[in-house]
Structure formats: structure tokens, C-alpha cells
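Below you'll find the structures, each written out as C-alpha cells.
Each of the two complexes below includes chain A, the first together with chain B, the second together with chain C.
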Partner chain A sequence: MSAVDTVTLTSPRARRRRLLRKRFLRRPMAVAGLVVVLAFVVTAIFAPLLAPYSAGATDFNALLAHPSAKHLLGTDSLGRDVLSRIIWGARASMQAGFFSTVLAILVAVPIGMIGGYYRGWVDTVVARVTDVLLAFPFLILAVGFAAIFGASLLNATLALGIGAVPGLIRIARGETLALREEDYIPAAIANGAGDATIIFKHILPNMTSTLIVQATVTIPTAIVGEAVLSFLGLGVQPPTPSWGTMLQDAQSYLSTAPRLAIFPGLAIVLAALAFNVLGDGLRDILDPRTTR
Partner chain B sequence: MAQPVLDVTDLSVRFDTDDGDVHAVDRMSFTLDAGEVLGIVGESGCGKSVTCMALVRLLPETARIDGAALFEGRDLLAMPPRELRRVRGRSISFVFQEPMTSLNPVFTVGHQIEEVLARHLRLSRGKARERALELLELVRIPAPARRLDEYPHQLSGGMRQRVVIAMALACDPKVLVADEPTTALDVTIQAGILDLMRDIRERLGTSIILITHNLGVVADIADRVLVMYAGRKAEEAPVADLFSHPQHPYTIGLLGAVPRPYEGDEARRRLQEIPGRVPSLRELPRACAFADRCSRADELSRTEIPELREVRPAHSVACFHPGPGAV
Partner chain C sequence: MGGFLLRKTGAALVVLWLASMLVFVGVRAIPGDPAIALGAENRDPAVIAAVRHKYLLDRPLPVQYAHWVWLALHGDLGVDQRELSVAHTIVTRIPITLELAILSMLVATLVGLPAGVIAAVRRGKPEDYAATTGALIGLSVPHFWLGLLFIIWFAVDLHWLPASGYVTLHHPLANLEHMVMPAIVLGAGFAAVLMRQMRSSMLTSLGTDYVRTARAKGLSEWRVVGHHAVRNSLITITTLIGLQLGALISGAVITETIFGIAGFGRLTIDAIDQRDYTLIQGVVLVAATGYVVVNLLVDVVYSLLNPRIRVS
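== the complex of A and B ==
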């Protein structure tokens, strides 16, 4: 049969990839999540091409206009096109979500792995400091950050990244503690591997799937966090568009034009939901206990 | 006589635990000659594995190791960690019991063998791959070229153990320590692995330390046997002499507990078990550790530690009342 032929002819790596793809495609929610996530990412990257108007363009003939053919989602109090601003605003959200997560992983994973691998007093310090940081309210940290370094998207991203570090340290540490007990670790040591080889070649690759899943749930938290900070005036500064600043602008018109809050709100919900659903799907397919 | 490859004197291992010291190994001495297969037997927890792991310091930090282990004229136990890492896997290799889990699941078999080669011999990618293929052929894995690109989960237990052996042999080690290499495998595969080990010894001249609790395996492949009990050496003899003239009551007990088919009526006898249990290693008595389970034990056995003495050529035993016969 041809199916048998293809199986024996392809490399194991390709086979595993195909298996993962098959498992993924069998989960419609995960696929939907991926589609929406990609849509947001593409939107953010190609905002100048996709947005019908520039983010700051005002149409004084249509202040607080209802949705129409000209302005698909209506306009705000300054006559700016809501759809265009949501499209431009996706940039801030995606940047904050992506970069803060990357930053958090780069900081947290080495710390967590060192604690989990060497144990002893190093680990005690890592674990206790993590506990303290977890107990520390993230918003106060962000406010302090904005107060010291000024409010900007960059600083909000840094604050969000730092906020995500303790949780990730915990996960990296826990995974390392578990993985270092695997039989292939003493086997590698017996073959002359040093600490660096053990950590980077034997432990890190075995925790990538956990990290990927964790990243997909950290990103939406950061997206919501960015909206919160921008809403409070600690993140993106007007007139630069962001879903958070749009919500803030909408506050004054909640009774007369609730759509101004609803549309960016929906964007936030949709983006966060899509990442979470994608993360759930990835967790399912990457979990070795999932039957093939 | 030629210089032994490995010369261990008075090796002791203690573990510092919260409930006090555990004496896992007590003043073990032994040698290993070039091309020799030394079997170490004893029941679980008697210190077989700890003895061997102590040689290249693979034990957790709570272990206190005393004594000396001379390898190529250098004391492994006093070697700085950096140099020790160059010995591990290159001059002295290990094969562990669990073939199912001692390979890293995320890398191909070939990659893992190449990693060892790159580390110790600094081989280029292409060279390492050639050598990896050669090694898989050496350990007689079917379709070796294809296996190179397969992941551990795609191989059977027996094949994985062969891969582990291939990795251990990658740098032509002087000593191969096989810690219960066949225990997790079924009987036909066991025989194949033992054949392979014999073949390796003959073709490469590798000295092998074989740790096992299976006397059948020892009879099959070892040249010399060392019987351990409660962290001490109970008896040491050439394999044929041990089986024909066991001296220590514990050895006699072990041999009595091996099922033997085809011995006429006698085969229907009940297997002889050794009464009692292994003493706790926390409070090793100043006495023969086996005294409580031994019918020959007397006042002397309970108050003095028996020293090793040679009772037959190359055959030594730590017992006050050695000799053949029922116990």
C-alpha cells in the first residue's frame, strides 16, 4: 500500500512532524485559535497596508459616526476611524505580548534551570525570591516602573516581562528538577558530559514543549496587561493608538457611544482567547501522554 | 604478572543522611586485569553498583569516598573533576540497567553517539557519523544506517541497550562497567547482549566489570567472581572454582537458591532460601555481617570481623568457618 511506502521512505523527523500536524488538525478549536492568532500578527505587521485610514487621520464631517460603508466600525470623538485604530493598535498589543514573553523566558529559564539543576542553597534562594516576587502585585511594580522610567510602550513591555518572570522561573525550575532525575542524565554524566552539556543538551530540549505552551499562555496575559497599563496611562501614550488607550478615550462616551468601548474590547478578548485556545491545543498535542 | 588495568584498595563509601551515616561499601579491594571479565554478585543493596559508581565519582554529593582506585597509574578518587570527565565515557564507560530510559528522547540515536565522539575525540561531523555507523554495526543492530536517524522511542528495549553499549564503546574504553545490563530485558535478548559483551571483550580487549544478581549470567561470561555482602567482599574466586568449591556460607546459600533443571530427583527439591534479611547498613556490627543468618556462626563470628584469607589458589573468603558443605 502507498501509505506504508511513504512511512518507510521518510525520515523520523518528518514523520513526527506529520504526526503532530495530524493531531493538531484534529482539534478544530486549536486550528481556529491559530488562524486568529496569525490574523492578528499579520494585521500588526501590515497595518499600514491594511488600515483604510492612518491612525491619526481625522474626519471632522463624521464625529462619533455610526458604522457605515465609509467607516466600517464608525469613528471616535475626533472623527478618527475606529477600525483603522484597532488595526494600528494591534501593533502595540502584539509587540507587548511577544517581546515581554521573550524577555521573560530569556531571564526566567536560565535562573530556574540553575536553581533546579544545582539545588542546594542556590535553589533555596531562587525559590524564595520567586515566592516573594509572586506575592508582589504586578500592577504596583508597573506603576513604579512607569514613574521611574516614564510611561511608554517599551517600559510597559519591560514591566510586563518582569511581571511574567517569577511564574516562568517556577516552571523552568520544576521541569529541571523533574528532568534531572531522568536516567539519561546519569548516563550522560557517565559518558563524560559536563554541567553545560547536561543543561543545554539534555534538559533544555526536553522542556521546549512545556516552554512553548507556557509562552502561548503568557502572551495573552501580556496583551491584556498592555491594555490595562495603556488604559491607566502607563503604557502607550496618545495619540499613538492602542486598544487600552481607545478604551480610555471611550470612557467619556460610554452612555452615548458604547461601541467605542465595545470594538477595542472585543479585539482584546478575541486576541487573548485565540492565544489561550492555541496554547491549550499545543499542550494537548505536545503532551507525550496523548495517544498517537 | 602484567599490571592490572584497575587496582582498587580499601574503597569505602559512606552516605551522610539525616538519620546518620550509611555504610554502603566497607574496605573493598579488587583488581581488574586487561581483557578480563569480573563479575560482581550480591543481592540488592549490597553495594555492587555503589562500588563501581564510586570509581568515577558518579555518586551524589552526600557520598564520602575513601580509599584509592588506581587506573593507568593515577588515583581516580583524587583526580580533579575536569580530568575525571575525560576519563568518564572515554577510558571507563558505563552501561546502566534501564535501556528504556537511558537515552535522551529528543535526539536521534546517531546524534547521541556522535555527541560522545565529538566530546572526547573531537571528531568532525562526517567522521563522527561514519564512526557511529561502525559502532552500530559492531553491536549488531539490524539496518544500522537507518537506525542512526531514528529516535529512541522507535527502538525496542534490546536495540536500545545495544545503542547504549555502542555509546559506551564509542571511544574504545579500557574498562566497561555493565550494571545489570540484562536485567530489564527478556531472556532471549539477554543472551544476545551477553554474546555481544563476550564478543567485545574478544575483539577489542576491553576489560569488563559485570554487576549482576544473576549467577547464571556470571557463570556464562565472567572469568573471576566477587561476591559482596552488606558492603563487604565475602568471597572472590575464579568462576569455575567458585561454582565447584564455594567456601562462604553466603555463596553456598546463593548457589542453593538457583533453580537447576534436569538433575533427576534432586531437581524436585525445594529451592533453598537464605533465612533472615540483609542487615541494615546503618549500624554495621563489629562482627561478620552474615552471622545472624548463618548456621555456622559462633561466638567468634559475632564479635570479630572476619578478614579475607586465601583458602585455595586465587580463592579468598572472609569467613571464620569456610569450606564446602550444607549450611
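== the complex of A and C ==
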């Protein structure tokens, strides 16, 4: 296998990669989505350098100030710069989005694969546990989680990750069930491959594209989820900035300063939209079933 | 059919049983002593011991669980911190959330299904792009933000609709006035999901042999789409509605919080805020039961619509 890898450009893998890149670049929406996603990631990482003010800096001479050269998006009721808080808030959103998705994949994929690979009673147990988890609306699960372990970004991220687990188990299980029937599996068995080799070397690599697409659509759900939980007071705790807590604060000023509710919301929509557009584009180029 | 029903019902009962245990254990994992919470201000050890005895909190967990399930099966979910019947509170709140759910489903269906059909029939045309873009935005805009925007526009700026509150169905007009915004807010995301699903299953249906046959027979395009393609696409939509119920309950929690509607969703948040153990237990159990029952119904309807399922 490794001998094939080193023969670059002409190897089928390199050719496939080139083909995918070409197909991706032909989709302006997907490219735009990727650019915006990267912009948000960079914003989150370099928030201290990019934000004009620190997240907690108050300017008591400019309470609820309108947008101006000094405060591009105005200030909130404590005179804090809205733009800076949105930039800092990107951290909570990106953290919740990425880590909860990674967590969900790490938990769900092995479980789903084991169920789909071994079938029989193992599969039945996996299917029932998934059904039980699905029977709890995500928000009730998250709210209960916050009640038991306390409200924080970490706990919100864990709850969002757990909330995404049952859906991902179903997907991993379905994919494994289908991939198991491929001809290369009996071939591998004939070559003396054990269960672990088949699962990790033959099935897992073949479902990566599905998993990548699922990850890109799980992240925006988690970003919105973090905002919802923080909005309800169950996620990021003030004074740490988060788009959700900013919207919660804005609720008291809907008639006097509606812009406080508009800007953080736009940030959420833009981030979620970018990930969704990117996910749609990736699905189109990676999933052979929808390739036209 | 009988065997299929029996198997599905059996599986649903197992799920419910596991869910009830999870609720029971989960509630007991919440920090704080329920006996102290139930004893309210009274910190007298004798009172707390009496409370503990009254609510069986001094008995082993399996006994408590069995007792709770036994009473729940008889429609008794215990009393909350204010000594009110939990079952009664839930029963009074459910119709409000049910109304919200039905209205938002109505909004979603009226917008999502036609949009999906049009997008599929006019694939690649401006109508398709408009519908697809609309759905993408609908998926990315969080309900609670849309709710805030609606309040700013329609209640604060235009004074068209009340910003919050709920009026009973005895005053249908006032009731509708209060429910319009929440129903649209909750329905928007679901409309987007429906539209996308409808579009993709319509595209599949339109490519099948029976649609080609129908066209070859010289049926009008209207009849081909309406009678053959749409009907078959509706099968997938049925399952989707069941799967979306969980999202709908989550959405109702947020929507009811924003618009100040005292429904089932709001009750959930309040129960947890007040650390009212019996109430939390009852609310979550009822929500999970609702989800399991609806999905069982969906499975049954699905098998009626698509006989192939019953065999596998």
C-alpha cells in the first residue's frame, strides 16, 4: 500500500484528490462558504489582536451608543464595544461547534460501526440505546445536563456533543451495513484480515467522506445550540462574551436599542450559513450518490 | 401486519422503559437534597425526616423507581413543590404547546411542501434557486433570533401584533393574534427541512419509470406531478415529521420563552430553574413518551403507505 502512496500524481488517490479539488473550485458557493468559515476560525483564534477593545472594557461616556467611528457597531448598556464582543464571542461559538462535533464523532462512530459490523444482538442493543437517546429532545437533554453539572461553556459543549451522538450513530451504522457488503470485505477476509483490520482499514476510510459532510452540518447546529443555551443562561456565563449571552442582554432593549439584538444574530446566521453552504458543497462533490 | 405491529410496539415499550430509568436516575443526579427542597424553609431534622419518609426517599432506589412507575401508570406523577398535581399541571399546559405545534406545522407544510415541489419541477431555474436559498437561510437562522427580530419589527415598530402572552381559544381572534409570530418562528426552520426533503424526493420520483410511463400515456404534466410524483414523495415526508418532533419540542421551549407563552416548553425550563424534582421527572417522562408514541404511529402509517417495509 505504501509503495502506491509514494508514487505521487499518477496514483489513483492523488488523481481523485485533484478531481475533488477541481470539482470543489467549480462551486463558487462552496468556496465562499469555506472562506467565511476560515475567517470565523481566524477571528476566534486571533480575537485579542483583531478586536479594537477588550471584551469587558466599559466606556461609561458611551452607554448604548449608536454606531460611530469610535465604536463601529455601537455599545451595549454597559458601554462595551459590540464589535469587540462579537469578535471575542466567536471563540465560544467555534469552540462549542468544533469540540462538540469531534466528541460526537469519537463516541458515535465506533458504536455505530460495531452495531453495523457485528449485527445480531449487538446491533439491537445499539439501535435501542439510540432510540432512547433520540426520545429526549436535544434541548431537554442539554438543560438537564446543565442542571446536573452546572452551566458553563464546557458543559454546554459536552451536552451538544452528546445530543449529536444518536444521529451520528445511525449514520455510521447505516454506512457500515452497506460497506460490509462490498466485495473487498470477503477479499480482505480471504487474506486473513481480522475484524479490527477490516473495521479500521477497510470500512472506516471508505466512510470518511460521509463523516466529513456530517461534521460540516453538525458544527452549525452546535453553533446555534451554544447560542441558544447561552441565551437561556445555560451556557457561557457573563461577563464572558458569547453571541447567545449578547442576545439575552439585548432582550431588555428591544425597543430602545434593537441593533443590540441584530448584530450578534447576524454573526450566528453568517457562521451557520457558511458551514451549511460548505457542507452542501462537500456533499455534492464527495457523495457519489448525489453526483449528477 | 399483526407481527409487524407487535414488534414495533414491543420495541417502543422497551425504549420507554429504558427512558423512564434514565429520567429517574438523571433527576437523582441533580445536586441538592430533594427532601430539603420539599421541606421548603423548614430545616428541622424531624420535619426533613418526615418528608423523606413521606416521599419514600428513605427507601432503596429500586423501590422508589417501582413506586414512581406504578403511580405514573395510573396517571399520578406526584405533587410538585407547591403541592400541585404534576399530572394536572402538565395536562393544562399541553394544549397550549399542541396548538403552537399544530400551527407551526401548518405554516411549515403550507410553505415547505409547495416550495419543494416547485423547486424540483423547475430544477435549475430561478424558482429553484429562490426556494433553495430560502431553505438554506431558514436552516441557518436560529428561531430565537428570528423571534427577537419579529418582536422588534411587528410589535415594537409597527404595533401590528402583541409581543408576548397567550390568550385561550375562547377568544379565537385574540388567540390567533398572539400565536401568529410564534407559529411562524417555530415553523420557519421546519419549512426549510421539509422543502429540502420534498425537493430531493421529488427529483428521485420524477426520474422513475412510473413517471416516464405516466408521461408516455399522455397524462397532463399537472397530473403526472400531482398524482404520481408528489404522492410517492409524501411517504418520506411522514417519517421526517416523526423525527422532527424532538426538534419541535426543543423549539417550543425557546419560542415559548421568548413570547412569554406558559406552555409545556416553558414549564420544562421553569421546572429545572426551580429544581422541582417531581415536576422535572414528570415533564421529561411525558416528553419522551410523546416522542416514542408519535414515532410508533409514524412507523405504522409508513408501513401502511409503503407495504415493502412490513416484509423486511
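Here is the rule we go by: the second predicted complex is superposed on the first by the 274 of 292 C-alpha atoms of A that agree within 3 Å, B and C clash if a C-alpha of one lies under 4 Å from a C-alpha of the other, contacts with A are read in each partner's own complex, and residues count from 1 in each chain.
Here is the rule we go by: contacts are C-beta pairs under 8 Å (C-beta built on N, C-alpha and C of every residue); 3 or more make two chains touch, one makes a residue touch a chain.
Not measured: the values here are computed from a predicted model.
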item	value
Residues of chain A touched, compared between chain B and chain C (which is higher)	C
Touched partner set for A:A69, first chain B, second chain C, both or neither	neither
Partner chain(s) touched by A:E182 [first = chain B, second = chain C, both, neither]	first
First (chain B), second (chain C), both or neither touched by A:H202	first
Touched partner set for A:L49, first chain B, second chain C, both or neither	neither
Partner chain(s) touched by A:A190 [first = chain B, second = chain C, both, neither]	first
Residues of chain B touching chain A in the complex	56, 58, 85-90, 93-94, 96, 98, 101-108, 115-116, 119-120, 149-151, 154, 164, 167-168
Interfacial residue positions of chain A with respect to chain B in the complex	11-13, 16, 182-184, 186-194, 197, 201-202, 205-206, 208
List of chain C residues in touch with chain A within their complex	11, 14-16, 18-19, 22, 26, 29-31, 136-137, 139-142, 144-145, 148-149, 151-152, 156, 163, 246-247, 249-250, 253-254, 257, 268-269, 272, 275, 280, 284, 287-288, 291-292
Residue numbers on chain A that touch chain C, as the complex places them	128-129, 131-132, 134-140, 143-144, 146-148, 220, 224, 227-228, 231-232, 247, 250-251, 254-255, 258, 261-262, 265, 268-269, 272-273, 276-277, 280
